[in-house]
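In the two complexes that follow, chain A is the common piece, with chain B as its partner first and chain C second.
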Partner chain A sequence: MKQRVARRWNFKLTWPLHVMLVPGIVLVLIFAYLPMLGLVMAFQDFQPQLGFFRSEWIGFENFKLMFEYPDARQVIWNTLLIAVIKIVAHLIVPLIFALLLNEVRKMVFKRFVQTLVYLPHFLSWVILGGILLDMLSTDGGLVNQALGWFGIEPIFFLGNGDWFRFTVIFSDVWKDFGFSTIIFLAALSGINPDFYEAALIDGANRWQQMLKITLPSLIPITIVVGTLSLGNILNAGFDQIFNLYNPLVYEKGDIIDTYVYRVGLIGGDFGFGTAVGVFKSLVSFILIVISYRLAYKLANYRIF
Partner chain B sequence: MKEAKGELFLKQGWIKPVALMTTLVLSMGFLGACASSNGENKGKNEVSSNNQAAAKSVLEAGKFSEPVKMDIVRQMTSDVKFRTGEDINNNPHVTWAKEAFNIDLNYVWTADSSAIDTKIRLLLSANEDLPDIVQYRGSQDVIDALIDSGKFVEVGDLFEQYASDAYKSAMAEDASVWNPYVRDGKKYALPILDYANNNDTVLWIRDDWMKKFNLQPPATIAEMETMMDMFANQDPDGNGKKDTVGLAVGLKNGMNTWGLADADFIFGAYGVMPGQWNAGSDGKLAYGSVQPEVKTALGKLKEWMEKGYIHKEAGLHDEGKAAELFSSGKAGIVAAPYWAGGWPLPAVKEVDKNADYSAYRLPAGPDGKIGRSQSGVSNGVVLINKNYEHPEAFFLYANYLYENQGNPQAGSPLEYGFEEGYDYLIKDGKPTWDGAQFPADQPIMNLGKYTILFDGARIPSLMMKTLSDLDGGKEATSAFEMKAAMDMDKNIHAGAVNYSQIEFAMPNLYNGSPTKTYKKRWDFLNKSEKETFNKIIYGDSPIEAFDTFVAQWKSSGGDTITNEVNEWYDSVKSN
Partner chain C sequence: MHHRSLSYRIFSVGNNVLLALLSFLCIAPLLHVLAVSFSSSAAADANIVKLWPIGFSLEAYKVTLANEYFIGSFFNSITRTLLGTAVAVGMSILIGYSLSKETNEFKGRNGYAWFFVFTMLFSGGLIPGYMIVQKLGLLNSIWALVLPGAVSVYNTILLMNFFRTSVPKALEEAAFIDGAGHFRALWSIYLPISLPSLATISLFTMVGHWNAWFDGLIYMTQSEKYPMSTLLQTLVVQRDLSSMNVNADEMKELSNRTVKTAQIFIATLPIIAVYPFLQKFFVKGIVLGSVKE
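So, the complex of A and B:
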């Protein structure tokens, strides 16, 4: 009874805040939840002129079609492989880079480097695709010219399947690691300086300080970033691969998204495209839930 | 007690809106269904009871006595521009249509090419009222949806009754333009005609390189190989480096693309056209890429790749990137449309000011065969609403344009254009269409772009024939010839070259909507085709991989698709 009174009183005090929430909730409802009703398309032979109500209901036909595609296994495997390596690389590279940058004493240099590695994040893959095509050319491309100075034969980066995967992962990490570095740098600046002072007094050198203080302090944020990125396990990067791939590397470079683009959008099979989308979201959702539970259990870290 | 009541209220509070929503949604569905069936009945009655005599008398009179409104939805392509203060509903063309025919053109809405597909689909799925006329230029998919909505009138009969001879003869130049819009022998959309052979390839060669090695334009593939060898190995640009190739060709998007840096003619020289459906000797359609001749042509490309006649990264290059090789002076030959002399080839002069190039005829294969892919004659559609009371209004309008604007004769009211000061000027008693002559604040506006026919009336065969005549030394007398003569000399000559090989153009005879199996299997088949062909050319797979590909193509859906495509072809070709 007492509690209730307190709550009511509380509400009287905070109602303007609740009102302020309303526009946000309405927007989310209209633009995020309402469109989700469109997911019924995944179970329909959707015809735009018939709409949701009159399109034929075909159950799991669209999902079946996805796995009946002769290259389905290959496409899913390519996606997983590229995505997993990207996720791992996107955790490790920014972490190491942040640690290195943290050791830099000259502020000007540190800021300069930070900005420099951050910049590629703002380039679109449409532009980068064209630039990479020229840079990685076997015929006078910058990279192969540089390799030539060391006596290395020109490498057909975009025309050889294995090199293609390497190029895709490497260029993606290059493009975005500066962005993730910022998160780690923020976490670094949040570490209590007292720890280092105490370690210094105990005679710990910089290496020991990093191992015993910096790294353990970064574990929570690493887990958050890792958990959130697990949702991308079936996103191998459509923009990037779409702008870089070609018939020579279909075998190693064709991913779920490029496949859906060709069949769902170009072929106009919206039901099918939606079905794949639903499948992908479901897998991501399950993975996020599991990894979140794990993170909570193992590292005692809660995001929500 | 109080609490219980509150709870009940709460529950009701939830149930009510939900129930209301459900009823609303359901009833909307019903209403929609009713509305559509009503509409169909009404439409039928009206068409059958339409007083055709009245319509014909209007067509004869050339003008409506009472104002007739025409609600239009149109796609705005990026080349439609307006003077300040004007828009699609307020411009000289709208005024002209009112004065000439007493038709009030009323554009209900317009959308650009990226948005119109979604807008039309939403309109259809919401079962909303459709305008009298839909003017659309885009994917077959959307046209199918429009036709299958059942809200547009069968236009075949109307065309037979109302179209003028000029309009009919233009449409008759290629009967296959109707095919995509035929359902059960009836036609549901009017194809918009465009100039024929517009993107067909001719061979552009660097004249200064030919002169350097004392070469003649190649008449055969073998002669072209000699030429490519010199261009690739004997340093045609004289910079002391081996950095040139013979032929610029882009293979990323297939062996037969839309024209720029195309490989189609290489296959054509062996009598086959990949990537499209050709008529076989038995009259049935057959897919080009699985014919045995393709193997020979692929072998040739593989050989050229090994010898460096084509660029090592041709498989990574799309059309534009490959054409860049020519326009940056790294390639001596490129197969491209006749208009490439205006873009993108002239850029080569910025790299090498002595560079010169011209269009030549495509070379013949070992058996004397020549072939190239033919670009479509139709580009867009007009659909007429079933409930539109005056379908003859469209024909009145289109007939007039085909008679007076398509190829205007001296004295025609539209001889030079729609309105002086807008799309032409009279200077010293002579017409001019030169944009530079116009005052800066009143720039030249192509009023043809405002028409329901997208670019005004186009007679498909007229352009190439005119260019050929002009190149042959004919003096430009008609307005159409005078306009065509304004093009660059290189293009005019290339158009004539194009025209001289017109009989070798191979059309893609399957231009209908995707069949059932096609929808399911085509992406896989197409992907493995591109993959196999490129790997063979690169030597990653042996040439025998072609046979495996053909067997796989046939067994994993190709044969079924061939049957379906032929069923479709049989159902439309009688029209």
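So, the complex of A and C:
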């Protein structure tokens, strides 16, 4: 019986499976693979009116420029710095938060906290950017008012490069720390209650239980989350920075994606912009492949 | 209980206070915006509004809702959200079903799977992507906001895993023996069982479409085609009216602080409205997608 079914699948019934994929394949070909062909622009002095075929080939000139332009180098450094701090913060803060939340015994309160801290994750950086511009204003913004109560002079959060970096990292953690705890909470709910029972009998207090049972059981998932975020090492957060930055903070706040947008798309330097984009895609690709291998090796994690 | 020592009880209280404070910190900015939007213009400009409206006024909402650009952008957003979600979820269903078959049932399955997964790992980037949309003549078309992101490989994998783990094989085999084809099996067996998953994916896709602003900014050259997020980006964040081909006077009334906050709040409202449903689903969805035994 089983064999008959299997045979019918192979001979008669698999054509619908191919058909179902057709629309998706067409879309992916057009909007994902065709743009990859456009990457040849990175090796050209691309002129839109000349097109791909008649624009001059200049080899790796665009890439060389990228490492020679001081502002391009600065942009790569900014991206790395902001992204790495974000990755680390997004690992530590949710982990600590999950541990604290785990100590809450009243379920109603726990649910209440979760409801509120998950919310910012779903708001776009346009909305949050609008809110932050208003609240961080030096001209009577709520945050600077509050600082004033403690006798602190108004801080130009979005106009001073160093404060800009701080604001970007802080507000990004603020937006997502709640949501990022979900994965840790899921791991916590998988801990066998017998462990705690046994620890209790052995006279371990809550603090010892946390250190010896809860924390170790979160290590595998922490490794997975940490390694998988390696692929984001050049993603410093386009949406966020684009909605918060201004020419005053380009020096310390400009990142690869915003730079590509400004120089490439707005400035019309398609070849150079594409080269910077290729550099980013390539590095990310390599890191993603490495991180998935690592996650598999270290924590036996597979996505598919 | 005996393990609750005094020091632990002190910790507990402190912990609860800290968590309550953090929760408050997460919604305080929203409350502030809400308060400003309902305050009188004078109070807002004097920066005396904190978390409660001062000189209660609906003026900002009246101005916002009477502005044709804002209303137009609202409908653009609704259109792109509904159309975009329908197309995207349809794609995920078709691809997810097809790829949920094992290789021995469906030769070529792995090849197809990699074809899609590769797009998750590598992309042509901003500029080539823009040029394709431009060359296809999709600038200023709603399809520019719908088609480029229509295939979400992430959602497809989520759905594929759900199909694999939650639909009883026996049920499907029985249907095949009764002469049903794949389309029939998908429609009558897989989809009804997967409704909760589909709802999750749909809600997340809707939120994504509602929030999307950058595609509107680069693909729409006429500001009356902007979705609301893009309009908000130009008005509230960029504060650059020069890039918009509109009468500046008409837009001037939209730059008032109370009006800006009213716009922010109106754009947030749909998200808050679906949030309870999202919350019900997302824990399950996330766990489903990321942990596969």
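Assume the second predicted complex is superposed on the first by the 219 of 304 C-alpha atoms of A that agree within 3 Å, B and C clash if a C-alpha of one lies under 4 Å from a C-alpha of the other, contacts with A are read in each partner's own complex, and residues count from 1 in each chain.
Keep this in mind: a residue touches a chain if its C-beta (ideal position, glycine included) is under 8 Å from a C-beta of that chain, and two chains touch if they have at least 3 such contacts.
Just so you know, these numbers come straight off a predicted model, no measurement behind them.
Colleague: Quick check on the superposed pair: does A:L133 touch chain B, chain C, both, or neither? Answer first, second, both or neither.
Modeller: both
Colleague: Between chain B (first) and chain C (second), which, if any, makes contact with A:R262: first, second, both or neither?
Modeller: first
Colleague: Mind telling me which of the two, chain B or chain C, contacts the most residues of chain A?
Modeller: Per-residue touch count on chain A favours C.
Colleague: Which partner does A:G277 reach: the first (chain B), the second (chain C), both, or neither?
Modeller: In the superposition, A:G277 contacts chain C only.
Colleague: Is A:A98 in contact with chain B, with chain C, with both, or with neither (first, second, both, neither)?
Modeller: Neither partner.
Colleague: If we overlay the two complexes on their shared chain A, which of chain B and chain C does A:D254 touch? Say first, second, both or neither.
Modeller: A:D254 contacts chain B only, not chain C.
Colleague: With both complexes overlaid on chain A, does A:G38 touch chain B (first), chain C (second), both or neither?
Modeller: Once the two structures are laid over each other on A, A:G38 reaches chain C alone.
Colleague: Under the contact definition given at the top, report the residues of chain A touching chain B in one complex and chain C in the other.
Modeller: 133, 139-140
Colleague: Considering only the defined contacts, which chain B positions touch chain A in the complex?
Modeller: Touching chain A: residues 25, 29, 32-33, 120-122, 124-127, 139, 141, 145-146, 148-149, 243, 251-252, 311-313, 315-316, 321, 514, 519-520, 522-524, 527, 530-531, 533-535, 538, 540, 556 of chain B.
Colleague: Considering the complex alone, what residue numbers of chain A touch chain C?
Modeller: Interface residues on chain A, with respect to chain C: 1-2, 5-6, 8-10, 13-14, 16-18, 20-21, 23-25, 27-28, 30-39, 41, 97, 100-101, 103-105, 109, 112-113, 115-120, 122-124, 126-135, 139-142, 145, 174, 178, 182-183, 185-186, 200, 205-207, 238-239, 242-243, 257, 260-261, 264-265, 270, 273-274, 277-278, 280-282, 284-285, 288-289, 302-304.
Colleague: In the complex, go through chain A and note every residue touching chain B.
Modeller: Per the touch definition, chain A meets chain B at residues 47-54, 65, 69-71, 133, 137-140, 156, 158-159, 246-248, 250-251, 254, 259, 262-263, 267-269.
Colleague: Which residues, counting only chain C, touch chain A once they are in their complex?
Modeller: 3-5, 8, 11-12, 15-16, 18-20, 22-27, 29-30, 32-33, 36, 46-47, 50, 91, 94-95, 97-98, 101, 104-109, 112-113, 115-117, 119, 121-132, 136, 147-151, 157, 161, 173, 176-177, 181-183, 186, 207, 210-214, 218, 229-230, 232-233, 236-237, 257, 260-261, 263-264, 267-268, 271-272, 275, 278-279, 282-283, 286-287, 290-292
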